[in-house]
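Below, subunit A partners subunit B and then partners subunit C, in two separate complexes.
And then the complex of A and B:
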């Protein structure tokens, strides 16, 4: 236990000394996760509403598929994209591998099914009187979708928070696609992996604590937003 | 509320997108030992400062570093596996292969030396003793330069390492040293990483000094004739820098805990 408590105190010291290397890593992580969550949400939320509000053949299958994709191992996403983005791959000419963009794309792919699925579930479990009411009021499709989304906004925001957490805490795709390049694609999670392998337990722990604190702050922020909106 | 969120999202995208990811840089794949030993942390900044070029370093095992370079995903490669390197040069993937530095491999283990390899005359004898006594040995198992070397050494000793005592970790040098330290096992390590980790582990150097343990490092440029997008001009600058006076002086003077980790090799 001594080793652990000693590491913990060194970790706290590192955090409060505002070590620039630590903050660079934190900033990179936030940037990548924020971009991924914005892009994935912009696509997944409207699509989720479309799926939830319409009946069509294969709907159940799609939902099962989404459930499966939610469990997609992050290294599999990393591997697939690696094959695509490498200079030898189909999208190699874009030169995206080992850039933050590659990581953003990877995180997007990981969290897209999560947000999509949770959006579908959120809308499906909304008040069953909502749709008939909107119809009887003569709402068109666009208006219906907008109303449904705003009625279920808390559940959808929860979906976004879950997605953000996944993007922020993910290490497999970030390592494979970003390459853990210092000051460029080194995120909190890849830095923790590196420092741990280097035996720098304290720095790894410091970053782990920061990761948790940031997740906490983001959740707090969203909760405050929700309160204000009520 | 919606407006606020949309605004927030747009602002975030606008603030983040253009500035951060656009910068040009020299990409290098390298073995973990150049990074874990701390050498690149003094060598690269000197280069970056002199030429105003940012270095993006991807530290993986030598095997993967070579493959990344062969795919054209980096501009320059800094590794230590001469046989594998020459294959890539022969197939035209890399050019300008230049010797940068060398040190040697060592066998680390518990101070009590259960297999008694400290008295061995050759590395082949040492490995034979480990295998005979079934003393635990942790292998990199990751196709890195050190792993390639280790496989060659077993082969040269006429042993096929197998059994519960032989454990392939599939991880970097630092991680393997930690695992071996925990298990009080033997492991093959490059001297650079061993020195860098010496104060974090109880393992000691038990066997060293055989000529077969020589460990040379080379730097190579990815062939621009094969991969048009590579920044050969920058790669060439880097090669000239690390094999030139300044780079060699930095390597010569690099010390960790008072010990020299690498010896300059360029003529």
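And then the complex of A and C:
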């Protein structure tokens, strides 16, 4: 227990002394996750609305597939992308492996099905009178989609937050695709894994605490938004 | 004159259940039409077809002489205004809700403002503009939905059970509004109700719906039973059917096609029942006589024939009608 409490006090010191090594890692993590969430959301939210608002053959299959993909192990994404991005891979010439972009792509792939699926669910669980109301008011396709997204925006924002949490907290893809290069692709999760295995438990703990705090703040922000809307 | 709506062989349903089955239906322009029927008769479904929210699986709908194409519903939708029975209001203020349909039509901001204010005043809720939509009571929400439809200046107003949750003062107000709406050239109102008296008092035409089928006669003499050969048997009486009908579970008899007499008639009318007069009432300038003759028959006659026949309550009378006055459903 001594070991843990001692480590905790050192970890807190590291955080409050604004240790540059710590903050560098936090910044890299946030940058990569934010980039991933913006790109994935920009694609998944409109596509989710299209899937939810239209009837087509194979819709059920797509939803089942999305449910499966939501639980996709991060190392599998890492593995597949590694195969594509490594020198001998199909996209090897782009030289993306071990850059932040590789991690962004990996995290995008990981959270895209999550945001997509949760968006579809959010729209499908909206009031059944919403669509007929919009149609009877004379909304065209684009206006209908926009208003449906606007009416369900809090559920969709929750989807984005879930995706952000997943991107921020995953370690498999970030490790395999980013390579944990200091100051470049070292994220909070890969740093925790590395520092702990190096015996730098305090630094790992400091990063872990920060990771939890960020997750907490993001959720708090979402809750405040939702409360204001009610 | 072209009809406002014309339906031909329209069928709407789900895999196992037919909700609407309409052979032919016409609704005239510049009129008030009431759709009368019990719960589940298909009233709301028919109103949704009139609002172009849905298309029938079979059949043709013509609107103002133009055939409605299921892929081009938007331009039709923008000509009609619908107020649902339990309207959905979007997040935001009452003003936002009423302005929404106008914004969809890319109308200028000043014009939107003016039309929202006009609509609010028309419905008598001018003070509501800045209230949050989710804080309104059911009756208030219904008024907002009505203003929201009126702001779009449709030529057809479709109202689903508009009177069901209103107090008497609001009912009178709505009656006036409906009459004002149709008083303008080319404007029409269609509303659903299960209040027969209100329907016949307000509407130019009352259309009954029974199990998804249209009955033009007011549904006053509606009997359930079974067909047995040439006879329709209700629980209490047997009625002769026209020669060509051999199936059906309900029959309706137009109250204006029933002949009343004090003695048994010797005529070509195949159905005659003796009964007792249990009610005489005035209705829209005519007289309704109700006779208990096994089943309860409602008969519509003029004041003149009431005097000539000298009918009074409690007396015996004969109900006579041709088998062709029947409609089998």
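Annotations for the structure displayed:
The definition used in the following text is that the second predicted complex is superposed on the first by the 220 of 230 C-alpha atoms of A that agree within 3 Å, B and C clash if a C-alpha of one lies under 4 Å from a C-alpha of the other, contacts with A are read in each partner's own complex, and residues count from 1 in each chain.
FYI, contacts are C-beta pairs under 8 Å (C-beta built on N, C-alpha and C of every residue); 3 or more make two chains touch, one makes a residue touch a chain.
Because the structure is a prediction, the values reported are computed rather than measured.
In the superposition on chain A, A:97 contacts subunit B only, with no contact to subunit C. With both structures placed on the common chain, the touch criterion links A:136 to subunit C but leaves subunit B unconnected. Using the contact criterion defined above for the overlaid structures, shared-chain residue A:147 touches subunit C, although it does not reach subunit B.
In the superposed model, B is the one of subunit B and subunit C that contacts more residues of subunit A. Once the two complexes are laid over each other on the shared chain, residue contacts for A:87 go to subunit B alone; subunit C is not touched. Contacts of A:6 after superposition on the shared chain: neither subunit B nor subunit C is touched. Once the two complexes are overlaid on the shared chain, A:35 sits against subunit B while remaining clear of subunit C.
In the superposition on chain A, A:59 makes contact with neither subunit B nor subunit C.
Residues 150, 229 of subunit A contact both subunit B in one complex and subunit C in the other.
Subunit B meets subunit A in the complex at residues 1-2, 4-5, 9, 12-13, 16-17, 20-21, 25, 27, 36, 54, 56-60, 71-74, 171-172, 174-175, 177-178, 197, 200-201, 227, 229. Against subunit B, in their complex, subunit A makes its touches with residues 31, 34-35, 38, 41-42, 86-88, 92-93, 95, 97-101, 150, 153, 179-185, 196-199, 225, 228-229. Those residues of subunit A whose C-beta lies close enough to touch subunit C in the complex are 127, 129-130, 132-133, 135-140, 143, 147, 150-151, 229. Taken in their complex, subunit C has these residues touching subunit A: 48, 51, 53, 73-74, 77-78, 80-82, 84, 86-88, 90-91, 100-101, 104-105, 148-149, 152.
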